[in-house]
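Mind having a look at this structure? Questions to follow.
To keep things simple, chains are lettered A, B, C, D and E as they appear, and every chain counts its residues starting from 1.
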Amino acid sequence: RDNVQVAGSSTVLPYASIVAEAFGENFDFPTPVVESGGSSAGLKRFCEGVGENTIDIANASRAIREKEVKACAEAGVSEIIEVRIGYDGIVFASQLDGPEFTAFTPSDWYNALGQKVVVDGALVDNPHAQWSDFNADLPAVEIASFIPGTKHGTREVFEEKVLLQGCEDTGAMEAMISGGMSEDDAEAACMAVRTDGKSVDIDGDYTETLARIDSNPNGVGVFGLAFYENNTDTLKVATMSGVAPSTESIASGEYPVSRPLFFYIKKAHIGVIPGLKEFAEFFVSDEIAGPDGPLANYGLVSDPELGNTQSTVADEHTMGTNM
Amino acid sequence: MNDMTLLERGVQTDDIKISARNVEVFYGDTHAIKNVNVEIQDKTVTAFIGPSGCGKSTFLRCINRMNDTIDICRVKGDILLDGEDIYDPKVDPVQLRAKVGMVFQKPNPFPKSIYDNVAYGPKIHGLARNKAELDEIVERALRRGAIWDEVKDRLHSPGTGLSGGQQQRLCIARAVATEPEVLLMDEPCSALDPIATAQVEELIDELRQDYSVVIVTHSMQQAARVSQKTAFFHLGTLVEYGATDRIFTSPEDPRTESYITGRIG
Amino acid sequence: MPVSWIMIILFALAVLGYVLGRRRALASAGGDMRNLHSLPSYYGSHVALFAVAPAVALLAIWLVVQPMVISSSVARSFPDGAISEGSSLSLVMSDVKRVADGLNVAVERGALSAEEAGSVSAGATNIRERLGSVGVALGSDVDSSVLDAAQKYRAYASTGHLIMTLAVLGLALTGFIYGMAQMRAEFRARNIVEHAVKALLVFAASIAVLTTVGIIFSLIFNTIEFFKLYPARDFFFGLTWAPSFGGGSELGMLPLLWGTLYISLIALAVAVPIGLFAAIYLSEYASPKMRAIAKPLLEVLAGIPTIVYGLFALLTVGPLLVSIFGREGLNWMQAGTAVMTAGLVMGVMLIPFVSSLSDDIINAVPQTMRDGSLGLGATHSETVRQVVLPAALPGIVGAILLAASRAIGETMIVVLGAGAAARLSLNPFDAMTTVTAKIVSQLTGDADFASPEALVAFALGMTLFVITLGLNIIALFIVRKYREQYE
Amino acid sequence: MSDATSGGAVPAAGSRRHGSILQLDARTKKRNAKEARFRAYGLGAIIIGLVFLVTLLTAIVSNGVGAFQQTFIEVPVYLDPQKLDKTGNRDAAEMAKVSTFGYTPLIQQGLLDLVDREGIDAPFEKAGDMKALISASAAAKVRDYVLANPDALGETRGFELLASSRVDGYLKGRVTQESVERDRNISAEHLQLADALREIGAIRKGFNSEFIFGADASESRAEQAGIGVAILGSFFMMLVVLAFSLPIGVAASIYLEEFAPKNRLTDLIEVNISNLAAVPSIVFGILGLAVFIEFAHLPQSAPLVGGLVLTLMTLPTIIISTRASLKAVPPSIRDAALGIGASKMQSVFHHVLPLAAPGILTGTIIGLAQALGETAPLLLIGMVGYIATNYPDGISSGFLDPNSAMPAQIYEWAKRADPAYYERAWGGIIILLVFLLTMNIIAIILRRRFERRW
Amino acid sequence: MNDMTLLERGVQTDDIKISARNVEVFYGDTHAIKNVNVEIQDKTVTAFIGPSGCGKSTFLRCINRMNDTIDICRVKGDILLDGEDIYDPKVDPVQLRAKVGMVFQKPNPFPKSIYDNVAYGPKIHGLARNKAELDEIVERALRRGAIWDEVKDRLHSPGTGLSGGQQQRLCIARAVATEPEVLLMDEPCSALDPIATAQVEELIDELRQDYSVVIVTHSMQQAARVSQKTAFFHLGTLVEYGATDRIFTSPEDPRTESYITGRIG
């Protein structure tokens, strides 16, 4: 096999494909193959073992888990290089000429989607039908939100950074704990989404969310920053706690909702699969992954610590060993 | 043809059930029936005889418009049933066929039980008001088809599991169950033994009391036994038509004579 | 000799066998094939068959068995202490194999000479690098025990290969001679050849069985793994489906199963009547021209990618239904995505499954059946309903089952049309989802691949497999009962 | 025996009407009405089916025709030796070190110069401002040209480059002056400039052959993406599917229907096959990954593997339809052949199989259509993603080199963020359908040759 | 049965082609053939007669194992062809059927051209070395089937488009084309006119010179005309078997007599 084989996250795919294309144009190596199929499926194949019939790089929109590392090692994939390429911003957007959804806080989302919310000091099953029911600044329209389904890593981020935060902010968390729940239970309860149809899980991709919003003027959806930036002519984005999402505000940490993106290299394949290392280095080079590179241009929030990442790749520094 | 003059006289008598005028039938380019004129009387048995492939079945199938189902078949000329043109666009072939029943040359029982085979016609025509009546009709038809004794214990086993002759009689029973006014029978006894043949002939005779029966047969004897009128076909033309006795005793056309005496095929 | 060469030789032998066998058989019959038991070509085929079939079988078995035998014997000779901490014999063995293969590849590509390859030692050259340069990846550095084992492996393998080549070619020749020896006029060549053909047919039929076995095997381990992590009771009888990343997911499959059933039912309620009526019209009423056009056109419906149907459901049918059954209308429907939306659209997709297959079957019912009925004064529709359809029933049921199967297996339309909500509800205007949709989403999701949230996909697949098996058994019995055979 | 006469006791049931055949009696009228209704249902069913088809096709075509047009931009580029060949010795290896990033500014400068030269009034000063107009693919095109013709260095050459997807969208009406107001990638001034360039003929719309013959592109270059390589991927996959599923499917059906003893085992196989039809296609992907890639060590992302997986998936469809049509052949045909001393095998292959051919072909059409449009199993064997980048350079590499397939490509495009890809996805569907229709027409012609009623 | 004693004597003569011993046939639970013993001589025409449904076809189909194709049909007892048990597992039914040809009761032409219908047998048995020889065989067979004149101009039109009697003759031609040693004919003339019947009977007579022919017929006359031996079946049993002359002139069993004189059916 003479081409680099990459698989994994569909969130990372756009970036990886931009890099692969440029790599193919500028190097004599064949263009790497970048498959999609999800972080989990990619890592699973990554951990199948070493050898030509396994992939070289797994893209992931989350960090590899402990159990997965173990499974990998059991199959002989013991040396893994972890590369963080940047961050994926998560934004809340609605139809361009729909109601004025311009500013949200985590509390708003919790009030809109939480299973149990605090109303007049008491914890009750979520009674809110319209956004204005709990926040007079929000439009008086039916709540119709399209959030990532439980298969998406984005959902986890949404739950932790928005719902849980909102739960704490609105005092629901406190009410739960004082109502006799353990902290863990309360956290879990905070992240539970109402099931009466006001919130729709999207198991597909952002295109689907966009289509849903297209056909429902009151809909608010959760998107990746890159997706939004390519569709500014149909979507308008809302601020979160007063911060507008942009690569800058996310990189600086002001905008709260984002998640890191990674890829994992099978060290055993370096030097074996032609172009593997070159590809990895090219990926994290300033030209590509830097704040002015094509990735950032496309919507990737470039990693402020890109330098470290570059040296990790250059040194083939594997996980679990010290620098 | 000179033998036709004999018939022309009968045209206006009201006991004419079917009259065919200048009928021509084509299968694609094959000219299967050539200018046939014939008048079939009511309450009579008419026999069609003639060598194999001369067009007997074809003509028979014209009478109840079964030829409609053959794509390449075209029929010209008029066929009148009780003075009404059956090829008139206003005529519903379904209603026609209910009146003009048919037993086919190759027995074709439905892949259903014997009972259902016979009950099918009465059911679609609504001849029975209830199950008991239907049972009665089925039994009567099977008896008339001379097959009741053989199948009465297996009415609910498939009709396709019968012997050749049994299938043929089943098809006869099926046809009479709907009480048609005219019954067309294409070699109804070809697979039957003499006794069964006799029973079917008896049936034909009985039917003649009320209805008109047309029967295709290869057996001169049978034609002579059951029919009052006989039509002899040859190479698609109706060569001679007349009272059975006369045809068999003093045929006018030399071809008829050769056929009857066994010289042409 | 490489396997491809052996195959070419065998092929040549087969051709030769055919020609010679045929000639010899004819000669034994004095040149007149009427004296032969079978047609001459059967004799030729017989010789070809005997020359090739046993040899190929041997070759195939050998190719599968040899590596197993060799690796177990190499593994047995592996020093006990040589396996390092955190590794296992099987891992080391896969390295051994890779090193051995790598050395062979290196020789082939000229990176090493044959002697060099035979004498490399662990210390002298960096094997990992050199093998890497010819594209062979090793999980770790090569130590001497691995290298020794690899050399042993290579030695065994090349000996084995030599023996195999001789055995296979020998067998082929024996078969050839044996086949030729039988070329007498009275020899029943056709029977033998037909037996071989029948064996091929059996083999083809068994591929379907092997597929099933394969599916079960590729699902079963992960399914077991899943049930170790998640109680089976909760899975089978749980009423809630709520996976979550942090653990504590509820993975009851009943809502999914219900969704599957509901959507399939609606889809069939659309596809079966439309498809069947279309089939009847095409085969019984339509002019040949219309049939020639309409049938293939309907078949196009089966070929439109399901994603198009999904978008159609989402963008066209959903909003349309909402405008009728939604808040402004009857107020039964909350949003465009619902069981009804997906079911309707899926039904459209399935129309050709029912219509085209049924049309062929109906068309095959002999005309005499129709004549029999029409001759009794039945209308065309009575004929169709009471004579033609019952006669065509087994085939039609097959077509419907196929459509049902397709409905159960469909994802895209469900995802886009029915929503992703796992819900137990009777209202067809509620969003629901199906087992298949969830298999796909859990399998391609972000959950840790060793977690119950990901493994549940396998358990779902397995369960669906068993359930549809049950349904098929029932269908088989029903068809048996109502089967009608014409003539 | 006197069967024939003994039935006389029964009253002639339902005394027959002796009415005219020209006048329908009430019952016949009712039956005819039923008949008419039945017939209307049939016609209605077909019309419903066709209406759906037309709706879908209209949607597909109206969404997708745009993909067959593409906007090009003609730019004179000064190939600056200082930048492109720093050593100045025209050494190919040295020149190759200048990456596409080095070429981009030259092209942009070229366009800016053109704007100035033509005296177009535009508020742009920096070369970088031109970026929004030109596709990112332009640099690679120029670079390839230079590497192939080092002599051109130092000269100004005109290149016909792809316009960016936004400009393309503008010319096609997808993007408007208003809608770009919020667009970070392009501004309304750019669009005005595009209009001006169009006036002078530097920008023009043309037939997009690249779309039909080209390879996939990355997310940021919708304008460059083509489906050509994926067509080949699908083509090779379909070859595999056809080569395996038809013979195996027919052979299996023949065995089960004609030869297998009717016992529990065959029942099991029969049930088993119809059950396979209900297995979700992604499970076949799991199977394919385990068997063909992990066990048999076939290459990943290869059409061969995809074809094998789809073969397994299509088999049940073909087997079920083949068996149904074998069953429909009347037994008398088999008897006739056996009666003159044909073996069972001969009777089947010479008589039964040709009569069953229409049904077999129908099954094949439907099975192949399904296989041609299937994505889910390809996801697991690595044929979905950013894959089809090069044409295979031979038959065997067609089967073995990584490739995608049309539906996978379409699915990928439909997911991508750039709205330009949405149009391509629909365009891809048009091509997929054309491919499908070609396949069907062949099968249909064959089918018609075998069709006859006996 | 006492009439069997008559046959026992013949057992050892070497001109016995087929001998059936204690044959029993069941269709599911129906006992269709009961303990039949019969010896059919070579170079003879044997006629099976008996009322419809008595098991003639069933027994005929046993002789070349066509009953194998009916799932529910079971055959017990031995049938020897040239002294060899045809139900022996070693026997290849295909080879058997090539030797023992059959014309079915219901004409069943292949849905192919007339030519192909006839050429099929010779082709699979390798009887012709080339096209010309095959043409010759086909023509000869069609001539023997007394249908050549009617079809010689349409050899390549479908066999299913023929009239009933033509189909029957086509099937006869198809069967003789393969030159079987024994020819089983199930009512071969049922759909034929007298002349065609005469031609087929002539054929049968001709075939008798070399082969053995078994013919099922409902026509006593035909049996008397063509056969040397006659077997009378009734309700599944072989009632009487002997020289045709004797059977028709002095039947031993009262049932035979009643049948011949037309009293039982």
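To be clear about the criterion, a contact is a pair of C-beta atoms (placed from the backbone, for glycine too) under 8 Å apart; a residue touches a chain by one contact, two chains touch by 3 or more.
Just so we're on the same page, UniProt names per chain: B, E = Phosphate ABC transporter ATP-binding protein, PhoT family; C = Phosphate transport system permease protein; D = Phosphate transport system permease protein PstA.
The structure displayed is predicted, hence computed values, not measured ones.
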{"item": "For chain A and chain C, chains touching each", "value": "D"}
{"item": "Most heavily contacting chain pair (counted by C-beta pairs in contact)", "value": "C-D"}
{"item": "Distance-to-centre winner among chains (Cα means, whole assembly as reference)", "value": "C"}
{"item": "Interchain centroid distance [CA atoms averaged], chain D/chain E, Å", "value": "59"}
{"item": "Centre distance in Å when chain A and chain D are each reduced to the mean of their C-alpha atoms", "value": "31"}
{"item": "Length of the line joining the C-alpha centres of chain C and chain E, rounded to whole Å", "value": "49"}
{"item": "Two or more partner chains touched - positions in chain A", "value": "1, 10, 37, 41, 52"}
{"item": "For chain E, residues that touch 2 or more chains besides their own", "value": "94-95, 106, 124-125, 265"}
{"item": "Residues of chain C touching at least two other chains", "value": "190-191, 311, 367, 379-380, 382, 443-444, 485-487"}
{"item": "Which chain pairs touch, all of them", "value": "A-C, A-D, B-C, B-D, B-E, C-D, C-E, D-E"}
{"item": "Contact footprint of chain A on chain D as seen in their complex", "value": "96, 99-101, 136, 139-140, 143, 175, 179-180, 182-185, 217-221, 289, 293-294, 297-301, 379-380, 382-387, 389-390, 402, 412, 414-419, 422"}
{"item": "For the chain D and chain C complex, residues of the former touching the latter", "value": "31-32, 34-35, 38-39, 41-46, 48-50, 52-53, 55-57, 59-60, 247-249, 251-252, 254-256, 259-260, 267, 269-284, 286-287, 289-291, 312, 315-317, 319-321, 323-325, 327-332, 343-345, 355-356, 358-359, 362-363, 365-366, 369-370, 372-373, 375-376, 379-380, 407, 410-411, 414, 429, 432-433, 436-437, 440-441, 444, 448, 451, 453-454"}
{"item": "Of all residues in chain C, those that touch chain D in their complex", "value": "190-191, 194, 197-198, 200-205, 207-209, 211-212, 214-215, 217-219, 273-278, 280-282, 284-286, 292, 294-309, 311-312, 316, 348, 351-353, 355-357, 359-361, 363-367, 379-382, 384-385, 392, 394-395, 398-399, 401-402, 404-406, 408-409, 411-412, 435-436, 439-440, 443-444, 458, 461, 464-465, 468-469, 471-473, 475-476, 485-487"}
{"item": "Touch list for chain A against partner chain C, complex", "value": "1-2, 9-10, 37-41, 43-44, 47, 49-52, 61-62, 65, 67-68, 71, 73-78, 144, 149-153, 155-156, 159, 188, 191-192, 195, 197, 200-204, 208, 211-212, 214-216, 266, 268-269, 271-274"}
{"item": "Residue ranges of chain E in contact with chain B within the complex", "value": "27, 49-53, 55, 57-58, 105-107, 146, 150, 161-166, 169, 186-187, 190-199, 218, 220, 259, 262-265"}
